[in-house]
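Heads up, there are several structures right after this.
In what comes next, subunit A is part of two complexes: it sits with subunit B in the first one and with subunit C in the second one.
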Partner chain A sequence: MGTTESSIVDSARARPGLLLVIFLGGLLLVDLAAKLAGLSLLPIGGAISADRLGSNLWNGVVIGLVIGLAGIGLSMTYSILSFANFSHGDLLSTGAFTGWGVAFLIAGFGDVPVRALLSVRDAGDATAGDIGAHIISTPVAILVGLLAAFAITAAVALALDRAFYKPMRDRDGISILIASIGAALIVRYVIQFVYGSDRRGVTASVEASNLAFDPLGLSVNAHELSIVVAAIGLMLAMHFMLQHTKLGTAMRAMADNKDLALVTGIPAERVVTATWIIGGGLAGASGYLYVLLRGTIQFDFGWLLLLLIFAAVILGGIGSVYGAIAGGLVIGIVFTTSTIWIPSDFNEAAAFAVMITMLLLRPEGLFGGVSTA
Partner chain B sequence: MSDASSPSGDGDAPAEDSAPESATAALLDAARQSDLGIVLGTLLLVYLAATVLTFTDGLNSVVGLMRTLTFLGLVYALAALALNLQWGYAGLFNIGVAGFMALGVYTMGIVVRSPDPAFGPPGFGLPLPVGIVAGMLVAAVVGLLAALPALRLKADYLAIVTLGISEIIRLFLQSSAFDTFLRNTLGVGTGGGRGMGLPQNPVRELFLVDGQAGTPTAFGDLAFGTLGAGGLGISNTILIDWAYIAVLAAFVVGFYVLLERLGRSPFGRTLKAIREDELVADSLGKNVDLIKIKVFVIGCALMGLAGILWFGSQGNVSPTPQFMPVLTFYVFIAVIIGGSGSNAGAVLGGIVFATVLFEGPRRIGSSLRDVIGAETPPSFADAVVTLDPTAFLAFATDNIAPLQFVFLGLILVFIMHRRPDGILGDRIETAAAVDLSERPSGGETDE
Partner chain C sequence: MSAEEAGSTDEHAGDERAADEPVGAGDTPSDDDEAPVSAESDAGTDHTLDGDAILRLRDLDAGYGDLQILSDVDLDVADEEFVTIVGPNGAGKSTVMKTVFGLTTHMDGTVEFEGEPIHGLAPEQIIREGIGFVPQNDNVFPGLSVRENLEMGAYILDSVPEDRIEEIYDRFPILRERSDQKAGTLSGGQRQMVAMGRALMLDPDLLLLDEPSAGLAPDLVADMFDRIDRINDSGTAVLMVEQNAKEALRRCDRGYVLVNGENRYTDRGEVLLGDEDVRKDFLGG
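What follows is the complex of A and B.
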């Protein structure tokens, strides 16, 4: 790792902008320390409780894991198919609606009409409490919903590829990007047509679902805990797939050097199919988990998350799966902890600003252009 | 146009006895010779369709629908022209159009609004022309700040950066904290999420003294007397809007002439050379970065102006439904339909997008809905459960808006598959005397 160290120093010398960013970051850290200690040195410092910082960080980690999980698929399609997929966000919505439809069907079967369950409460007048979906009261329903979200979104992603992207395989990235904007419109508004446009609650509230960790001053929701477990589990599965299976090796080879991979005899189309299945499935699963976290669902939530997912992927370095996870965590933590310094109106803007700064200073990302490894 | 109506089109043509197909072809050929002909022909077709849809409701609704369609067509044409300069001429993939339009119209609003906080967010109280110039300047300066570092990036990174900038602009305008900050420092405000009222449209004052409804000017009296309530019965607001549409049309022509002249100048030739092959242009000693920055800044200023002309005439502006990124994609679709690189195509694309793709399905959907007798089911699931095609059709026509976006997406994908050059894009203006895009195969592609 000695070479990496020196290259970082070199790039710091070559780019004063990087030094400026590091300086500002340090300043923020000093300010944070001063705030925690309760010191006030006029421009910096102030007062913030360790509890608040702790809960901000925890929320950031939870959101970050979901964003990182969604970023894996975006990063894979970006590196293997060489285009920025603008329909990725709407795959999150696809997974959320279909997955929650299945979860509702299991949780509320018999008590509530099926059409209300499958349409995620668009039809009928059952409330989220009537259906009673919650990880503590109906764990099987939530788990099966997650699997359904993965499977159905993988199928939708594959269908989109066959219909829209496969005929354009040899075109330039911008043309496919524009086609993916079209695909995004199609998916999003089919969802609106089928599931309706209003935002609605999904999870029921259950007594004693908060687990307090007193020493850290954290209050952890059962849903947050299950999201962390599910996201880390999926990420580990992804890791084993990439490192220890033939398919994973082929994917890394395709991402690294497409021509070389083709010459070596890697079945490109089969790898692309697997990419869509895994990337789309993970997007659907993360959309489902995001709704579990937020407790509400709306037809365009995935699209609104897309730029944050892009931010995570770019931060980690396009093509790097671990970079996407790390980038997701950074973006999630920036998203929640930035409220210490700036009004909460700007937390999304802060995440975008981090992304733009990263693109300008180090476009290859945190992990320096390591492809899918 | 149907091919049955062709012989009357050119009666004195020598091909008196030729088959109708060829006469139609000749007519279409003649129309194709002139961009103005195509644009006006498209508008006429749109007016014809509007008349068919509304003629039962009287002249006022016909003219009113035509007004809405023409307004949207022209403002989309303006935005598409500005984007075409950046994307079609220089290949800069800017998907922050909505943000730059918001900057233009908000700056104009802040500069022109009265400093008295009693009427909502205070402003500087300067004259309207100052506000318009300021709006363009701010859009240009932010464009410059964005362009300086971002143009070194790959096209898809530039796309994401500009989208991020456009969202940051929207979030700032949306924020009440930013509003308070501006009020405390500069004494002006944005109105936050509620938005702000915009200054009086000067065209309105042409017809009405101080813009008050009851007091027409001499010119207003004449216009209202002959065309309005005293004559043909067209409502006053529609007449005033038509006068503003004339102003918009003048701006479209102005944009077009400016961009055409720019495109034919040595600067424009360099621009097209960069689009065709950046490496060659660079090797020939052209300062590619500087030219890209210039074009980006000019394009952003024009987007600011387009934003002012579009949203500035609406009386009120608010950040969130209006300047979502989807607005950028609408403008992109307009440029893509027309074919990037062609100014006439951008105008045509704007008109076709706004009328046929954007407004058309809604109008047709609501007309169809009136014909269907069935009651609308409350949701998609209910519509499916009824197993009744008419109930389903009633649901679909009542919820035409999402279907229309699905249709838009299909069109976009279809164009990218089948006609990536758009309707008029096959006439993309080449930089050199010979067509460089038709290089003999076998050379290396630039990665």
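What follows is the complex of A and C.
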């Protein structure tokens, strides 16, 4: 039916672009090698040491895992509920504030007023140092905070669904998308009202928190290591759930074909509920981990991060959980390594340039068309 | 789109169906409307069974939203019977099936299954009553393995019925070989087996098949009908809508001819096949 013919034309049309991208990528790699050797080929970017390259890559992996974790929920709601959820970023903020409130409560209970602790230091003059939340000094507090972030955000996501999205279940994706922007505003300004709008430090500094990996010349922060372990653990749990449980199989079935799921007897609303619990919970956990990484918190950080999360999800192939993870890693690494050539003010632009290039060459995204929930 | 799938869309009628088109909705309705049953026709017009029926439709009005498709449809399926619905495009054949399964807007009349009214129930509840449904297109989950597709058919059970999966693998041995393969990578015939297997997972008393031969290569169609015969022989009643009307009437116990959402003729398959009016108007001579 002419499909083979048109695919040849398509690939021929794509080839000059692909060649250009390969050429530019190669040029950057050659330049990177030259920079490492102390030469300067391209007129942009300064010298770079292997150590700095290593730490750039490591930072990229850490931030990429957090973005990927956040993207899982966005991708799930897209594939199962068929809309792009713009309130997803503010679910990250929800998880971060509630989770850190609980972590503070455990870390600083007795020394600092409870109100100051639960409001993440908005209602008191305690400093982050007074509370002393850190994975090395107060590992239990950090861990319980992560669980709380997951649980509370899951509950908030479910409440938003019942209030806004469930009554609109049969409406088209654009209507629900716009409703989700409204939900995002509500969540964001409730957070601002409850927790205040100032940016503040959250984690205490602890001596000897850097673990050095001498052979790689890499210095790894204990918090970064915790984030990597937590993010990979949650991703593996997600993978197991999707591939080896009845609920996960039903989620993939609904992502594949909702009408058929209905006539097969899969209880759609129960699967949707589970989707919000898991997707919302992972968003809350990733927001909490993002604050652990950055060390500061602000009421609108999740909203500002949403664009990068969308970039990761679209890059990976929207609708695919594994694509979201892969897209997050690519976006994270581009985000940090692009500073070798360009000022760090522009690194978000570099991340989007990669996403757009990717979409020009492979419009369905990295994992698009593979269809895995 | 592959050649196999070409016949499956409504706009793109297959060769078998082309013959039906002259009497398609709105084309030459005048004679039929004025004289619903022509004098020389031998085909029956008694649309109900005297004895027990597991499925009983009476005066059924149904459609989609405000759009009414079926009016006063009567239809019976006896236990272990093989019933087929034929008629021109737009006659409401698939709508009957979807209405039984709770997928349309029920307007008036009754649908009884095994003596209980089921109109107004959701598909999830109708499955529990013992009815399985194989939709026409996109009837497997392409991203799930063959086994996972079958498991989803038994979602309402607490645990996966291994013995039932084995029975379905015995019925369709190729599926055992392809157990771990994604259903989206299977051929059209194999996908149809997965779809039937999934609908049979709960061992239904009645199986609804919406155009099972749609999208199949011609040499696979006879094979598919043989499989349906065997499913019926093993005790499952079958209600089938089929574009391949002659073959369907040859295989079935009784057939219903539906026109413009209303009953026209009802009789044994071979009687309908032998009736000049039915042949001329609905089977292409």
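Basically, the second predicted complex is superposed on the first by the 344 of 373 C-alpha atoms of A that agree within 3 Å, B and C clash if a C-alpha of one lies under 4 Å from a C-alpha of the other, contacts with A are read in each partner's own complex, and residues count from 1 in each chain.
Keep this in mind: a residue touches a chain if its C-beta (ideal position, glycine included) is under 8 Å from a C-beta of that chain, and two chains touch if they have at least 3 such contacts.
All values derive from a computational prediction rather than experimental measurement.
Once subunit A is used to superpose the two complexes, subunit B occupies space next to subunit C without a clash.
By the document's definition of touching, neither partner reaches A:I232: not subunit B, not subunit C. In the superposition on chain A, contact is made by A:R188 with subunit B only, not with subunit C.
With both structures placed on the common chain, the touch criterion links A:D259 to subunit C but leaves subunit B unconnected.
Ranking subunit B and subunit C by residues of subunit A touched puts B first.
Of the two partner chains, subunit C is the only one touched by A:P267; subunit B is not. Of the two partner chains placed by the overlay, only subunit C lies in contact with A:K246; subunit B stays clear of it.
Our angle of interest has its tip at the CA centre of subunit A and reaches the CA centres of subunit B and subunit C; in the overlay it is 90°, to the nearest 10. Taken over all C-alpha pairs, subunit B and subunit C come no nearer than 5 Å in the superposed arrangement. Residues 1, 3, 246, 249-250, 252-253, 255-257, 259-267, 370-373 of subunit A touch subunit C in their complex. Residues of subunit B that touch subunit A in their complex: 93, 149-150, 153-157, 159-161, 163-165, 167-168, 171-172, 174-178, 329, 332, 336, 378-382, 384-385, 396, 399, 402-406, 408-413, 416-417, 420. Residues 83-84, 115-116, 118-119, 122-124, 164, 167-168, 171, 173-179, 181-186, 188-190, 192-197, 307, 310-311, 314, 343, 345-346, 348-349, 352-353, 355-356, 359-360, 363 of subunit A are the ones touching subunit B in the complex.
Those residues of subunit C lying in contact with subunit A across their complex are 1-3, 6, 101, 103, 123-124, 127-128, 133, 135, 138-144, 148, 151-153, 155-156, 160, 184, 198, 202.
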